[in-house]
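Two complexes follow with subunit A in common, the first pairing it with subunit B and the second with subunit C.
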Partner chain A sequence: MSAALEPKPPRAVAAVAAIAVNTFREAIRDRILYLLLAFSLLLIAASRLLSFITVGDEEKIVKDLGLSAIAVFGVLTSVFVGVSLVFKEIEKKTLYTLLASPIRRWHFVAGKYLGFMTVLAINVSLMTAALFLVLLARGEAPWMLVPAVVLTLVQLALVTAFAVLFSSFTNPVLSALGTLSVYVVGHLSWSFDLLKKRLPLGAGRRLCDVAHSLLPSLDRLDVKMHAVHGLPLPDGYVLFGICYGVCYSVVVLVLACCVFERRGFA
Partner chain B sequence: MTSTGTVVEPVVHIAGLTKSFRGHLGIGRHTAVEDLGLTVGPGEIFGLLGPNGAGKTTTLKMIVGLLRPDRGTVRLFGKPPTDVAARARIGFLPENPYFYDYLTAEEFLDFYARLHGVGAGARRKKVEATLERVGLGGSARTALRKFSKGMIQRLGLAQATLHEPSLAILDEPMSGLDPVGRREVRDLILSLRESGRSVFFSSHILQDVEMICDRVAILAGGRLRAVGRLDTLVSRRILWFEVSVAGPIPASIPGERMSSSGGESLLRVAGVEALRRVLTEVPLSGAQVTAVWPRRETLEDLFLREVAPEKPQPVGRGAGS
Partner chain C sequence: MRGLVVTLLVLAGAAGAGSGRAGLLRLAGERAPAQELLYLPNGKYLKAVSLGHPGLVADLVYLWAIQYYSDYERGDRYRYVEHVFGNVIGELDPHYVDPYWLGAMILVAESRDLEAGLRLLDLGFERNPDRWILPYLAAFECHRVRDYSRAARYMDRAAGVTDAPPLVLRMRAAMVARAGDVREALDMWREVLADPRSDAGARAIAERQIRDLKVKIDIAQLQDAAERFTATRGRRPARLQDLVGAGVVGSIPLDPDGQSYRYDRENGKVTSPAGRILGASPR
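After this line comes the complex of A and B, so read on.
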């Protein structure tokens, strides 16, 4: 065979896109995803009903419930579908033919992540649209909620990156536990500052500093209260949050790629 | 080297390949492949034989880059398997393949065509032609979850050959197929050779290997036992004759009685002289010689001879390694 006719490896973008499209197809043909989406849409639709039977400002209750539903169901999707993204390919050995193809291992990790993030973004968009419809039906402007929804998606991007990292070297149960732990600890990162103040000077305080700077500050990306109560956010806060989330996710994914690169598949 | 003096680069070159795995609970190590060396030339069908646990799958996984060897080197077209340019020229079918069951056959091959850099224009035609070639043209839009094992195996072969690779690496391609399916796979492998491509496959179905391979290697306990052309490894001389005799056989007739049923006996007769005596004396005793088969050495004899010294043991972690 002449060199001109020799098969050429695909470009990185084409390889990542092919895997992302396949991951997207896989996710949208998974019934669990529809179940989670249906539950969340139902909850958002029912939030108006709940606002009647709850003491407090109806508008705030609808907004609070709606945004919480988006966050909770988004995280559940991210954890329970996300942790099996890489593991399922290893377990079912579909990975063998993929990695024997002329693609690099990081193409696989990036493709899986981007494909799944597309699914999450569509899910969040659908849930947001449902919430906006409920608010518009009440004659309320929903646009104040946009920053909160965008930063929720950033949180999901970060959590999914951890799900991919964990699933590149361990089983789905441990991956789910690890990812959920990151989510919970990430939302309590403010407590490291509190703990630091109560500790004497020394190693304990330094450990708090290290933990605080290494773990994702998901609480800073949670601006639901601002959105619900109409409180203003500092200038550039959303943009900073997006940059922080993207950079953090990239670092976690690079780590996942490094782990995956070293793995053998016996 | 060719007759014109040009050096022909092997498509696969393995030297000193060694791979071991941790034992249960991380205690000890099992050596799956030890100091393996072999080459596969262009346009050659090379069969890797061995009992279960011989190290065949582990070897193939190291060749395609799924496993990293502890020691030794693997070169595909002169490049390491980590080089995507080398992997662009191979097609791989793993043992007992499982594919994305939520895809249709058409979507599945389209996905692999993309991974092999087949352009949008050529992809559709290539997918259709490949499905036709493996006899799945009528199932293009069927979800893979509805495919039988034989259909999955054929789809796996379609995936491995879709991009017209210079080398097809097939792990137990005839496994689980009925005789018709095995025949189709054999024909496909032969057609690959006819188009100038190389095929490196593992199998423990000796009959298939004997029918189509140019060269074979026998692996047992992770070590190479024999490698070479079939006609040099297997002697074609007659070892003995099997003679079928109808009626009672006199005690004076030479040969060992192998079996007897329905008044017919099977004799094992060593050498032409003894056969001549059988053919002369049996009719005189009132019995009748109904058939004579010369028994030559087969690949099975060679295989059993090479594998017998070492009892097969599970050395790898892969199902068929």
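After this line comes the complex of A and C, so read on.
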């Protein structure tokens, strides 16, 4: 076949978009998403009931429970669905068909990630809408919660990037464990500072600094308490948070693409 | 036969589990009072393991504490109130104001431990200096035990908060008057009168208080002057005007209605024609 008759490789954006759309379609058909969504909506509704047994500010509990439900179910979705994104394609052997077509492996990883992030963003938006409706029905302005929700989505973007990275070279169980570990360590990254203060000067302290700088600081992206109490955030905090999360996720995804490029499929 | 064996086994298992559970509940009930609270970790540690959800954990501990302290049959239930509301919930979510005042109410109203209740309210205000309600409640508790000076100090703190409502200014003036500093109280009531946020009712109260305090201050001044006159001249003044003639006072004030104060030569007492007398004596 002459070169002129060979199929022209699709443009990167078109290839990534096509895979993202398919991932999105596939993910919204996945029952676990609906289950988690229904459960979180129920939980937000339950928060209204829970507030009856408190004394004082009922809205505070509704906000706390709603924001935590959004974060926890978002992370669970991200971990348990995210880790199977790549693995499922390998297991069902659909990956071979895809890789035989003129698309690059990084198109596949980026498309999978973007498609799944779209699902997560829709999930978070629906849960947020439900929480806002509950608060509005109680005569409470919910808008101050927006920064917390935005930074929760940034955290989910980071966690999902790690889920994709782990799933690019290992099985779903280990990927889920690895991603959950990143989530836990990310929320305990402040402890490296604590540890550093207890160590003598030297390599140990430098190691703490390196670990603290390299590991994702998810605790810095958590502003739920500020949002619930209406405490002001420093100017530009949310923008810096978005910048940090997006850039960190890009680095992790690039790593995932590199690992996936080198992976052999028998 | 097989069905019978299965049924008997299920029934025996259920009976065993039921009696075991009853035993566990009985033994749990015999534990030392408030033992479950002894090992409740400080909020700092709970915060570390809450993985970004300290607010929710604070809510759950708070809800549990409400149920726990609603059980009036529990012995020794007040021993850890300060720990639960101040160190656990307060450390988890320092800006959650309700636990401070609820814990303080339990301590003051039920445990009769005013100092512990005030400590909890102080802790809450230290962490939330923009919440006037905490020193306001502390002032009320002090007022309840007639410690007016302390109540006035707390009310002063509450009034110092930027968004404290006009009510706090009124209460501060009232507490200061109760504490006996009528001159300071008079200034505070004038402040209430001048406050543009005061409504017609608040202004009417302030005007009445200002009139009463003015009478009280005038009477105290005239009484003091009459006593000094008696001490230096060896006799009581015949009328209030004698005090001016003797140079003890510059002039004799009129009451807010423009009437003269009364003086009883027989017992040397100065009174108001309207009989406006407050409980506290001026400093």
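Note that in this section the second predicted complex is superposed on the first by the 257 of 266 C-alpha atoms of A that agree within 3 Å, B and C clash if a C-alpha of one lies under 4 Å from a C-alpha of the other, contacts with A are read in each partner's own complex, and residues count from 1 in each chain.
Please note the rule applied: a contact is a pair of C-beta atoms (placed from the backbone, for glycine too) under 8 Å apart; a residue touches a chain by one contact, two chains touch by 3 or more.
The structure presented is a predicted model; accordingly, all values stated were derived computationally and were not measured.
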| item | value |
| --- | --- |
| Overlay on subunit A: subunit C relative to subunit B, clash or fit | fit |
| Partner chain in contact with A:V13 - subunit B first, subunit C second, else both or neither | neither |
| Touched partner set for A:T94, first subunit B, second subunit C, both or neither | first |
| Partner chain(s) touched by A:A141 [first = subunit B, second = subunit C, both, neither] | neither |
| Contacts of A:I103 with subunit B and subunit C, given as first, second, both or neither | first |
| Contacts of A:E26 with subunit B and subunit C, given as first, second, both or neither | first |
| Contacts of A:I61 with subunit B and subunit C, given as first, second, both or neither | second |
| First, second, both or neither for A:H187, with subunit B first and subunit C second | second |
| Angle, in degrees and to the nearest 10, that opens at subunit A between the C-alpha centres of subunit B and subunit C | 160 |
| Superposition-derived minimum Cα distance between subunit C and subunit B (Å) | 36 |
| Of subunit C, residues touching subunit A in the complex | 48, 51-56, 58-59, 62-63, 66-67, 93, 95-98, 101-102 |
| Of all residues in subunit A, those that touch subunit C in their complex | 50, 53-57, 60-61, 64-65, 67-68, 71-72, 183-184, 187-188, 191, 218-219, 222, 224-225, 228-229, 231 |
| Complex contact set, residues of subunit A against subunit B | 1, 6-11, 14-15, 17-19, 21-22, 25-26, 29-30, 92-94, 96-104, 264-266 |
| For the subunit B and subunit A complex, residues of the former touching the latter | 21, 58, 61, 64-68, 84-85, 87-90, 92-94, 97-100, 102-103, 107, 111-112, 114-117, 156, 159-160, 163-166, 169, 196, 316-318, 321 |
